[in-house]
Amino acid sequence: MHKLLTATEAVARYVEPGAVVGMGGQNINRCPMALVHEVIRQEIGQLTVVGCNLSLPLDMLVACGLVARTEQGTGNLERYGTLFAWRRAVERGEVSVGDHSHLAMATRFAAGALGLPYLPTRSLLGTDLLEDLVTAGVAVEAVDPWSNRPLVLLKAMTPDVALIHANRVDVSGNVVIEGVTSHEVDMVRAARVTIVSAEEVLPAGSFADRPEQVTIPEAYVTAVVAQPFGAFPTSVYRAYDFAEPEVKEYQALGRAGDDELQAWIAANLGDSFEDHLKIRDASGAMREALVAQMGRLV
Amino acid sequence: MSSAVDGPVRGGDAAALPRELLVVEGARQIRDGDLVIVGTGLPLLAATLAQKTHAPEAKLVIESGVMFPKVVPTPVSVVDPRLMHGASRHGSLFEALGGLVQRGLVRTGFLGGAQVDEYANINSTWVPRPDGSQVRLPGSGGANDIASHCEQVVILTNHEKRRFPARCDYITSPGFLGGPGERAKAGLGRLRVKVVTDLCVMEAEDSALVVTALMPGATAEAVLSNTGFIPKFRESLDIVALPDPEEIRLLREEIDPACVYFPERTRP
Amino acid sequence: MSSAVDGPVRGGDAAALPRELLVVEGARQIRDGDLVIVGTGLPLLAATLAQKTHAPEAKLVIESGVMFPKVVPTPVSVVDPRLMHGASRHGSLFEALGGLVQRGLVRTGFLGGAQVDEYANINSTWVPRPDGSQVRLPGSGGANDIASHCEQVVILTNHEKRRFPARCDYITSPGFLGGPGERAKAGLGRLRVKVVTDLCVMEAEDSALVVTALMPGATAEAVLSNTGFIPKFRESLDIVALPDPEEIRLLREEIDPACVYFPERTRP
Amino acid sequence: MHKLLTATEAVARYVEPGAVVGMGGQNINRCPMALVHEVIRQEIGQLTVVGCNLSLPLDMLVACGLVARTEQGTGNLERYGTLFAWRRAVERGEVSVGDHSHLAMATRFAAGALGLPYLPTRSLLGTDLLEDLVTAGVAVEAVDPWSNRPLVLLKAMTPDVALIHANRVDVSGNVVIEGVTSHEVDMVRAARVTIVSAEEVLPAGSFADRPEQVTIPEAYVTAVVAQPFGAFPTSVYRAYDFAEPEVKEYQALGRAGDDELQAWIAANLGDSFEDHLKIRDASGAMREALVAQMGRLV
């Protein structure tokens, strides 16, 4: 089945207001920027955004007032600082938060991926993190019946829609990701619907001679979107490095305030992601440099 | 951020900066052959230094799913391509934190945090402002998992009073919780904690943190006045050994040549 | 193994063998777009036939970890390279049976078994000999998982009395267990079962098996005398439609040209 | 660290009498024949053999009287019939059996791989299979605390030593498997020790330019053994097809009786696996044909 849509079509069809959105990417790598820009353009709000590390795309959604809740392991950009819009919205009580460890989030996605109501973990024990998750109704303290030692049961996380960006996908939805996959494979397998944007969309069967190398099989993919540089300004392993000046510019605005962020987003979003890329990098020289930079690293 | 020992510390031929000494002392906590889970920043520099000196068979695990990379200077994120280079495997968070850390194969983990309390518990979730409102921090990430499952946790940090409260405002990652025996009661395994600051080294094993060594030039008084609880001091206090010139050279020329994590250092 | 209808059955221009009709009727249970989990043997032939006729978008899942292969004739094992060809992914058992079957994405599963009882439970673990000793069988494999999680289970089998006891000597894979409501009570989801034999089609949904159709030339009496329990017959009994010549051609020329699963068929 | 040993050294060092042996391969694919031959040569007995589908190598071990117990999903060779030596030994009560579904075994290995005491499954419910596993102490009936629906907890399976055969491995122990991996990845991750034999052993770092394609990273591998055709007469995907006449010959002997099997094994085992290959295929023509056969399929 041919699953190729435009970002506009895919997001309009599959991302609903109030949805639980599984966010792909981590920090400055392979964030689904093109898809998230489209959510912003279509102003789809009241979202619950879930992931392991949430970074740039979440902060943009929060800055645009589209997020009601997040469930995650971390919200930050590591060396480039906190997520300022998210932090402010959380501190003001506008965005509620479910804090997890990264293994706890990965475990919740794995439960969903396996069709199980929960999976156990030996993380979280003894901490306030656990107490809060129990209060939120997503963790239960239990006992291993064999050893009688305590452990924690974590409720399956099954997003309504997962958004990821990949190196390559065929039109049937077979996805190839290079570099680490963070939490994405299990998140996609757990989600009801998945939209994959990719640097390259290839004909059906393009990976059929090496099926071991398919990271996510078509069984889990609903829609496919072609978008070169679709993770910009974050990186795609072996394709292009992340754009540090862009991240720093965003963070400087984030530090300044929500108005500054909103103004920047409004001025730079454009009518399409291609349009956005032209606004930020009219000549293409920045993208060329990021490709060259990655080339020196791999 | 204030540091109680500001100037360069003379070590062999080179004048080591206080934070360089932190990294060198951090590196010393790694045993050859250890699997070590690190994020970026000083811990990664420490682990890389260990590999280049006494622990060539120490292997890095990165929570994002990178196993055993050959680090290219200087990664700024756990998904930085510089941290994926030449790896044994590019996998998933679940593989790294479930299949290696929870599985018990990673001996040593490096952690940071806004607060580290007397019982080595860590807070990276939120801290209170003076007006009582909350400052939202990044959250646990893999820290809770590392503190739950590794045998040894190493914390590299500036020594500031607000960083070392008697009790964390929120326990994100478990040290020894409320005190001796509580970790086992909660269902957690054994742990050794080593906190390395610009003033001292503190250690704990099912106990409160005990000062076991001072940084060169630091005093017990400085430690006491910059700590939010009153730590015990071991009877025979060590002085942390100065880096040798090769360690400093490696740090400056090979591991972080662009001073990404040493803005205070200007290259000659 | 005896078959109550031995000779060829005339279907369109071709004379369909009884076991060919079994395969064709099996194929008809697959809806276009279904994910179907099959092993080898007649079920695989049925699923391949469905893909080549009315269900081009039906996709095969193989428990060993093969997803959506393009079958090369004629695989004899779930890990036969002929069953890995041109796949969407080569993964693991856990991915296929956990990530797809238990996850609820595979609508239809084909199963076999030494015994199928009145409530469509399946035994593939052991059966008693007349002297009371046990004959050890291969065991569940993925059968229990398929019967636990698929919406529809299809069983293709010869119709022999010993294969259809009132109650299995051992329940390896759940049908409706002890009777209506028991599946839900045990925590299992809804299921439809269709048993296709060389004599008839039997169906059940939270009930005992009911004969709903006869094979061409078969009689209710033959069914009764070859069944270890007394099945109900639906009031309006269908007669299973004969294969059309194209189905027979596909089976013989494309799907199992070497007669691997049709030793009784000699190629012209 | 350099992990290359001979099969003789690796088996002598790491397979102890009474060990729980995790068996790689499935049916007629990638069975660790060279390693199992070595176990037979060294007569290491009282083994508990665990896997999903157990086939030829198990049956040979049983025929040689080296197996006390099996835990598995199936014991058979599909089209080529039952495992006759195993079946007879089980029926005589000489080998005890723990029957599982394949997902149940995979779940038990996954629990071990994740450092968890158990994992839940929604398989097994309502069956005699479950009752027997509960009696054996490896399954517990439980209730999902969120829905109050029944499910089953399955105890982690952590083999003392796992034996697998792979396409390629580097001397550090990074393994590349082509085709399906059955239960092997989690079994290896759960095992205390793993011995990998492979068609090709490559220098350290050979896969470092494509770490996504490493099926099992070196962290889990204890010893590496070089053995071309080490899965013969079973197949290695993209390398060689299985040898149907060999499987049929073995099964005909198996059907005939234990004495016939033992005589055949004694006559064919040789002093090494290379020796065995020469006994079975002196000219190498059979192996050449199997390579050619696979070449036409991939």
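General remarks:
Every chain is named by a letter (A, B, C and D) in the order it is written, and numbering of its residues begins at 1.
What we mean here is this: a residue touches a chain if its C-beta (ideal position, glycine included) is under 8 Å from a C-beta of that chain, and two chains touch if they have at least 3 such contacts.
Computed from a predicted model, the values in this text were never measured in an experiment.
Compared with chain A, the chain whose C-alpha mean position is the greatest distance off is C. Mean C-alpha positions place chain B and chain D at a centre distance of 42 Å. Separation between the centroids of chain A and chain B, computed from CA atoms only, is 28 Å.
Looking at chain C, one finds that residues 66, 84, 90-91, 94, 98, 101-102, 149 touch two or more other chains.
Among all residues of chain A, those that touch two or more other chains are 115-116, 121-122, 149, 151, 178-179, 209, 212, 298. Interchain contacts give a graph that is no line, ring or star and is not complete, per the touch definition above.
Those chain pairs judged to touch are A-B, A-C, A-D, B-D, C-D. The touching residues of chain C, when paired with chain A in their complex, are 35, 57, 59, 66-68, 70, 84, 86-91, 94, 98-105, 149.
Chain D contributes residues 26-30, 52-53, 72-80, 82, 86-87, 90-91, 97, 99-107, 109-110, 121-129, 149-151, 178-186, 235, 237, 241-242, 294, 297-298 to its touches with chain C in the complex. Residues of chain A that touch chain C in their complex: 1, 113-116, 172, 174, 189, 205, 207-209, 211-212, 214, 217-219. Against chain A, in their complex, chain B makes its touches with residues 39-41, 62-66, 72, 76-82, 84-85, 90-94, 97-98, 101-102, 121, 125, 133-145, 148-149, 170-174, 177, 182-183, 186-188, 260.
Within the complex, the chain A residues that touch chain D are 115-122, 140, 142, 144-147, 149, 151, 153, 155, 177-179, 209, 212-213, 215, 298.
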